[in-house]
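The first chain written gets the first letter, and so on, giving A, B, C and D; residue counts start at 1 in each chain.
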Amino acid sequence: MQLGVIGLGRMGAIVVDRVLDAGHDVVAFDLDDDAVAAAADAGATPADSIEDLVGKLGDEKRIWLMVPAGPAVDAALDDLEDVLDADDIVVDGGNSHFEDSVRRAESTEAAYLDCGTSGGPAGAELGFSLMIGGPEWAYDELTPVFDAVATGPAGHDRMGAAGSGHYVKMVHNGVEYALMQAYGEGFELLAEGRYDLDLEAVARTWNNGAVIRSWLLELCEEAFREEGSDLGDVDDHVAGGSTGTWTVQEALEQEISLPLIYQALAERFASRDERFSRRLANRLRYGFGRHEVARKEE
Amino acid sequence: MQLGVIGLGRMGAIVVDRVLDAGHDVVAFDLDDDAVAAAADAGATPADSIEDLVGKLGDEKRIWLMVPAGPAVDAALDDLEDVLDADDIVVDGGNSHFEDSVRRAESTEAAYLDCGTSGGPAGAELGFSLMIGGPEWAYDELTPVFDAVATGPAGHDRMGAAGSGHYVKMVHNGVEYALMQAYGEGFELLAEGRYDLDLEAVARTWNNGAVIRSWLLELCEEAFREEGSDLGDVDDHVAGGSTGTWTVQEALEQEISLPLIYQALAERFASRDERFSRRLANRLRYGFGRHEVARKEE
Amino acid sequence: MQLGVIGLGRMGAIVVDRVLDAGHDVVAFDLDDDAVAAAADAGATPADSIEDLVGKLGDEKRIWLMVPAGPAVDAALDDLEDVLDADDIVVDGGNSHFEDSVRRAESTEAAYLDCGTSGGPAGAELGFSLMIGGPEWAYDELTPVFDAVATGPAGHDRMGAAGSGHYVKMVHNGVEYALMQAYGEGFELLAEGRYDLDLEAVARTWNNGAVIRSWLLELCEEAFREEGSDLGDVDDHVAGGSTGTWTVQEALEQEISLPLIYQALAERFASRDERFSRRLANRLRYGFGRHEVARKEE
Amino acid sequence: MQLGVIGLGRMGAIVVDRVLDAGHDVVAFDLDDDAVAAAADAGATPADSIEDLVGKLGDEKRIWLMVPAGPAVDAALDDLEDVLDADDIVVDGGNSHFEDSVRRAESTEAAYLDCGTSGGPAGAELGFSLMIGGPEWAYDELTPVFDAVATGPAGHDRMGAAGSGHYVKMVHNGVEYALMQAYGEGFELLAEGRYDLDLEAVARTWNNGAVIRSWLLELCEEAFREEGSDLGDVDDHVAGGSTGTWTVQEALEQEISLPLIYQALAERFASRDERFSRRLANRLRYGFGRHEVARKEE
C-alpha cells in the first residue's frame, strides 16, 4: 500500500517510520525541507509540495495529514481540493475539533477519516491508539496502514460516523486531565503529609499490581526517578487545555455533569495567575471580621 | 439583670457595651488590665480575677465567656468549677467546636448555653445573630441579655439541645466560605473578562434590588470602593479555615456531599502554597507529550 | 416621558405599572390581547400591533422590549427595523446572551441598550436592579424610566459599552446558582445532621445580623415557613441553567477557574437523571474488589 | 519459611495459596471451619484457634493477619499478646486506619508491620502490590513471604516507619476513587453524547496504546463487554467510602486541597439519597422567579 503523509513533525515522523517498517510505501511532504530529508533517509519518497506529493501517488490516493489542528488542516485540504475524488481517502490524524471534522467531511470530495491519535512519543516503539470516524469502506481500506501506525489490530477501531474519532479523542483528553490531577493530588498528600516517603518507590510499588496502576503512573515513577521526590525545580504552572475545554463545552451542551474533568481543567487555569477571587476573600475577611489584610510586598 | 463577662477582646467589649446600653449591670474581667479599665469606663464593675468576678455576682450567677475557642474556655470553666451550682448559667459565646460544647455541658454543674455569634464588628451597632443550644429554662432566663446582644428578639433563638448553637454556627461559617468564593468567582470573571468595569458600581447596582443582594455583597461594594476595582495591593493568600474544616469533617461523618463548601475551603488551602499536584502535571505533560517543562527561575 | 413596551408577561407588566406609577405615559403591546387589556386597565395606551405601537409614539421613540430571550427579540427588532432611526432608543430588558446584544446593537439603526434585569416578582413593589450597556446618551436620556423601573437611582447603572449589561447579568446569574447551592448545602447538613432543627428559625436567626444574611436567605426562610423543615413534597429536580451555562462558557474562553459556579450548574444537570458515571463506578467496584453490584429493581 | 495466617476470607485465602505455591509452610486459622478446611486442602496446616496456631509455629513466629479492619484486628492482637515477644513479627494486611497501626505498633511487643494490600481478586494470579510500614529488620526478614504474596520483588516495598504502609494505601484508595469517577465522566459523556458508540470498543482501543490506558480501564472494557454499552440494569448507587473519607480527613488536617478526590467521594455520598440542597434550589427558584416547583408524585 502507498501512503502520502503531509506533516512530518514529531508525530508525523513516527507515522512515516511505522508505515515504512510495515513494508508500505510512503510519499512524504513537509514545509520544512529537513523533515522531508529525514523521511527520505528513512525510506520515504520525498515530495517538495503537496502537488508533487499527489503526483507521486497512484490513482487511488491515500493521504495522512499530521499537521497542527486548525487553519493548517484547512490549508492542506484547500491544496488537495481539486485533485481528490470520491475514490480517494484523507485521514486527519491531528487533534482537530470534532465539529471541524464533521464540516470537513461534508465539504471534501474524498472520503474523510478523522483519526484521534494517542500515545505520545512512546508510540514510536509501541504504536498508537487510533480512534477513527468516517465511512466504513475507507476505514476498511486503510486497515493495513492503521495496523502499522497503531499498536496493532486492537489499537484502532472505527468509532462511527464523521467526527466520532475526534469526539472520542476529545473525551480521552478530558479524562487524561482528570487522571493527571488525581495522581497529582495523591502524591501531593504523600509529599507534604506525615511521612518522609520515596515517591519513586511508592509509584513503582503501585505499578506492580495495585488497582491504580497505569501508564500515567509509570510516567509518575519516571518523573520522580528523574526529578526526585520533591520534583526539584519543576514549576507549578500547567500549560495546555484546549481539548479539555472542548470536552467541558460539549458536556455543557449535553447538560452532563463533569465535576472532576472541569476541576482538573480549572486547576490548570488557576495555576497560571494569582486568583482575583482569593484576593477578594482576603479583603472580605477584614470586612466582616477585621482579620488583617495580607498585602503584596513592595 | 446582672451579667458577668469574662473576656473583653473586640467581641467581648461589644457584648459589655450592648448589655450596659440595655440597662443591665455588668461585672467584667479580662487578663488584660487595660481591657478591664475600658469596660469600667463604659460603666461595668471591674473584676481583677474570676474569683473576684464571681464574688461580685449575686446568688444566681449568669456568666458570659467570650474567650478564644479551645483551652481558654476549659481554663475559665476550671476556675468556675467550684463556685457554680445548678442554678447558675454559663454562656460560651465563642467559636467552640460543638463536640467540646456537648462535653462541657455534661461536665459543668451550672446550666451551659453554647452560643454561636455572628455579625463581626458591625454587630457593635446592629447587634449580633445568636444561635443558642442548651436547656430551655436557661435560654428563657437570659432572654433580656440575648435581646440586648442580638439585633433584638428576632436575632436570637434556641436551636436545640447542648451543642446545637455551635453546630449551627459551624455550618453558618461553612456557608460563609462558599458565599465569599461565589462572589469572588463572579467578580474575578468581571475583572478579567471582556469589559472594563467599575466593580463598585456593579456591586452597588446589585445591592439595590438584585436577587444576589446581601450583606457580604455590601462588603464587596465597600472593598471595591476602598481598594479599587483591581483590589490594589491585596494579596491572594486567604487565612482562616477551622470552622470550614469542621463543617466538612462533620459532613464526611454524615456522608453528605458539600461540593461548594469543600471547594471554597480547598481554595483557601491552595492559596497558601505552590501546588505539588500542578508541578507533577507540568512534568507529566513532558512524559507523554514532550511538552516543555516549566522550571522555576534561579 | 413616553415609553413603548413590547411584551407584557409577568416582568413586562411590572415595568408598565412602575413606569405609569412614576407619572410617565406608556403604549403597550403584546401578542396576547388579555395582557394588552390589563395594561390598558392600568392606564397604558393599548396597541394592537408593533406598527400601531410605533404610530402612537412621538418622534423620538423609546421602546422597551420585555420578550423572551432568543428569536422573539430578533423578530421584534425586524418589525421595528424600518421605522426606527438614530434618534430612537430600544431597550432589551430580557435575559439575552451578551453576544446577541453586541450583534443587535451593531445592526440596529436606533440606539440599543441591553438591560439585565434582576429582582423577580418582588420587583413589583421594590423595583429591580438594572445593569445597562450601550451608548451613554441613550442611558442618560432614559434615566427617568430607569429610576421608575429600578429600586431608584441606585438600582441602575451603565456598566459600559454594548453587551456589558447582559454580560454583568449573566455573571450575576452564575453567582446566583452558587449562592443557592451554598445555602442548600448548609441546610442539607442541618436537615440531615445531628440535631432536630427548625430550619425556619435557623434562617430567621441568621437573617437578623449574621454574616450570611441576604435576600436569598430570606427566601429560604419563607420556603421553610411554607413547606416545613423537611421541604414537604418538593422534588430534587432543578430546572433552568442557560445563563449559568453561558457564564461557564465565557470563563472557559477567558481561562478563568469558576469551581463553585461550575459545580452549582453541574448539580442541576446531575439532578435531572441517574448518573452513568455512578453506574460505572458501581460496576467497577465489582471488577477490582468483587463488591456486589447493585441492580435496578424490576 | 513458616507463616501463620489468621483470617481466611477471599484475600486471606489468596495469601495462603501464594505463600504455599512459593514453597513455604503455612499454619492457617479462621473462625469459619470451612475456610480452615479449604486452606488445609491447599496444603496448609490447619489450626482450630489462635492458641493452636501459635503452638504450631516455631520459636520465631511470623503471623499475617488478614481480618477486617477495626475491632477484629485488636481482638486478634489481644489473643496474641501473651505469646509474642520481640523476636516475633505480626503483619496486618488489611485496610486499617494508619493511626490504628501506629497505636498497635506501639502497644505490641512483637515487631509490627502494617501492610497495605492492593490488587483485588486478580491478585490471586498476578500477586498484589504491598505497601509496608514498620521496622526494617522485620521487613527484610519477611521478604520471601512478600515476594510470594506480591507480584514479585518489585511489588512490595518498605514505605517507612510504623503506619506508613497503611497511610500510602489510604492515599492509593483516594486516588482510586478519583480515577474511577474520571473514567466514569468520560464514558458518561460518550454514552449520552452525540454519537452512538460501542463503549467496549472505545475502551479496548484506548487500552491499546492511549495515554489513559490502565488496569481500571481494562475493568471498564470488561464491564461494557459483560453489561453492554448502556450498563444494562446496573444501578447508580455507589457503596464504599471509608478509605476515601480518611484520605480527605487527613488532607484537611494537612491543609492540602484535594478537589478531585473529595468530589469523587461526594459523588458516592450523593448517589445514595435524594439531595436536600436540590430540593431547596427547586423551591428557591419559585421564590425569586416564580418558576414552577416540581413536586414529588403521590
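Here is the rule we go by: a contact is a pair of C-beta atoms (placed from the backbone, for glycine too) under 8 Å apart; a residue touches a chain by one contact, two chains touch by 3 or more.
In this text, all values refer to a predicted model and were calculated from it rather than measured experimentally.
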Partner chains shared by chain A and chain B (touch criterion as defined above) = C, D
Please flag the chain sitting at the greatest distance from chain D, going by CA centroids.
-> C
Centre to centre, by mean C-alpha position, how many angstrom separate chain B and chain D?
-> 40
The distance between the C-alpha centres of chain A and chain D, rounded to whole Å, is 33
Distance from chain D to chain C - Cα centre to Cα centre, in angstrom = 48
Interface hub residues of chain C, defined as touching at least two other chains = 119-120, 181, 183, 185, 188, 192, 211, 215-216, 256-259, 263, 267, 270, 275, 288
Complex contacts: residues of chain B adjacent to chain A | 10, 119-122, 180-181, 183-185, 187-188, 191-192, 215-216, 219-220, 222-223, 227, 231, 233-240, 259, 263, 267-268, 270-271, 274-285, 287-291, 293-296
Report the residues of chain A in contact with chain C in the complex, numbered from low to high.
-> 211, 241, 245, 248-249, 252, 255-259, 262-263, 265-267, 269-270, 272, 275, 288
Parts of chain B lying in touch with chain C, wherever the complex brings them together | 118-120, 123, 126-131, 133, 150-152, 154-157, 159-161, 163-164, 167-168, 171-172, 174-176, 178-179, 181-183, 185-186, 188-190, 192-198, 201-202, 204-217, 247, 250-251, 254, 256-261, 263-264, 267
